[in-house]
Amino acid sequence: MPDYPTSATQNQTILDALNRCVAACEYCATACLGEEHVQHMAACIRLDRDCADICALVARLVARGSEHARHLIKECMEVCTKCATECAKHNHPHCQQCAAACRACAEACREFAG
Amino acid sequence: MPDYPTSATQNQTILDALNRCVAACEYCATACLGEEHVQHMAACIRLDRDCADICALVARLVARGSEHARHLIKECMEVCTKCATECAKHNHPHCQQCAAACRACAEACREFAG
Amino acid sequence: MPDYPTSATQNQTILDALNRCVAACEYCATACLGEEHVQHMAACIRLDRDCADICALVARLVARGSEHARHLIKECMEVCTKCATECAKHNHPHCQQCAAACRACAEACREFAG
Amino acid sequence: MPDYPTSATQNQTILDALNRCVAACEYCATACLGEEHVQHMAACIRLDRDCADICALVARLVARGSEHARHLIKECMEVCTKCATECAKHNHPHCQQCAAACRACAEACREFAG
């Protein structure tokens, strides 16, 4: 039997959370580069890059029904949590929005892993 | 001024279309590999891979407000159209769903490019 | 201090192994789709996709000096080993070459993790 | 007939150039974030991200023998050339190395397209 989801409903929740997180991280990294005090945003940009890349991979693996999605879900949850914590320190709207998207994604990962 | 969208509303439309297309292609490729007559699905799987990869890249570029998103949008539209045409030939639900997601994505690309 | 490698020499070894593995998996998946008995190659193609995606991400993380490279290296080693085992079952040159590239990559991951 | 290279020799040249360019861009972006005057490096970091992503995709497409590699090769050449021009303005070793890798990659793309 092919190893893929027979119902897309549960997976759509995590796919949406992952994709929103990717987009928020990408946008936040770009916007950080346009801030006056970019040097304060370096940690944020670094985490945005890693978080976007890891979430994007997990989204692909979830969509294709790969068992490796579950293997990476904890690391994904961790990088989302770290990125949320860093972004939450900055008052820029893009950072606050990114923190929210990362937290929501970490929560979706937790449910998927559960 | 940083080169990123100031409103996310228009971009969310194309981001959703791209992400749904990526997921549909990933799912379709996996499901094709589980079909009885895989050899008839080879062209479909090949296009699914390329279409998912190109749409995923364009989604990242759109989200970060890169000018390169616009440079790649025509190629993205073309691979979506090709993938839709191939998938539409097969009666499997995953192929029909993928064809619909690819067509919707091609249309979203056309509007974004417009 | 920025978190990036100060010497590229050690990292070049694992980057080369990862990139060769990505290319071998991509080539093997395409070539499998062209084989007469594609249905026997489904597991191989599935693993090729996951292995290529995971190795490609780890290569990016290693190159940028991310701590997350180390977090993912065990999973990378495991998928390379699994893909090598599956590919080794098939006599097609592309499968044998892919098995070799995957084994070499798993070994490079082991040394990097060491 | 499967659509994949029967000889890896010519393709290995462009694969190596693309992979070196990806790694140089990733490293340069991280290193730029660690520089004292990050605000002067914003354009460099932005181009590093796009260049790495586009080269990484083209490498995957070339490795799998996809016709879409050729469709994207001009855009790849252009982003490499732009990134080389921007990096060359900065005296940091990582920028100079990245400029060299981007120029070499643009040249490899030109030969591949030719």
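Read from first to last, the chains carry the letters A, B, C and D; within each, the first residue is number 1.
We adopt the following convention: a contact is a pair of C-beta atoms (placed from the backbone, for glycine too) under 8 Å apart; a residue touches a chain by one contact, two chains touch by 3 or more.
According to UniProt, the chain labels map to these proteins: A, B, C, D = Four-helix bundle copper-binding protein.
Just so it is clear, the structure is predicted and the values come from calculations on it, not from any experiment.
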Repeat of the B-C interface, chosen from A-B, A-D or A-C (over half of contact pairs identical by residue number): A-D
Interface with more contacting C-beta pairs, comparing B-D to C-D: C-D
Whole-Å gap between the CA centroids of chain B and chain D: 23
Chain C and chain D, separation of their C-alpha mean positions in angstrom: 20
For chain B, residues that touch 2 or more chains besides their own: 2-3, 29-30, 33-34, 46, 49, 60, 64, 66
Chain C contact footprint on chain A (complex, rising order): 3, 42, 46, 49-50, 53-54, 57, 60-61, 64, 66, 68, 71-72, 75, 78-79
Complex contacts: residues of chain C adjacent to chain B: 29-30, 33-34, 36-39, 41-42, 45-46, 49
In the complex, chain B residues that touch chain A: 1-5, 8, 15, 19, 22-23, 26-27, 29-31, 33-35, 52, 56, 59-60, 63-66
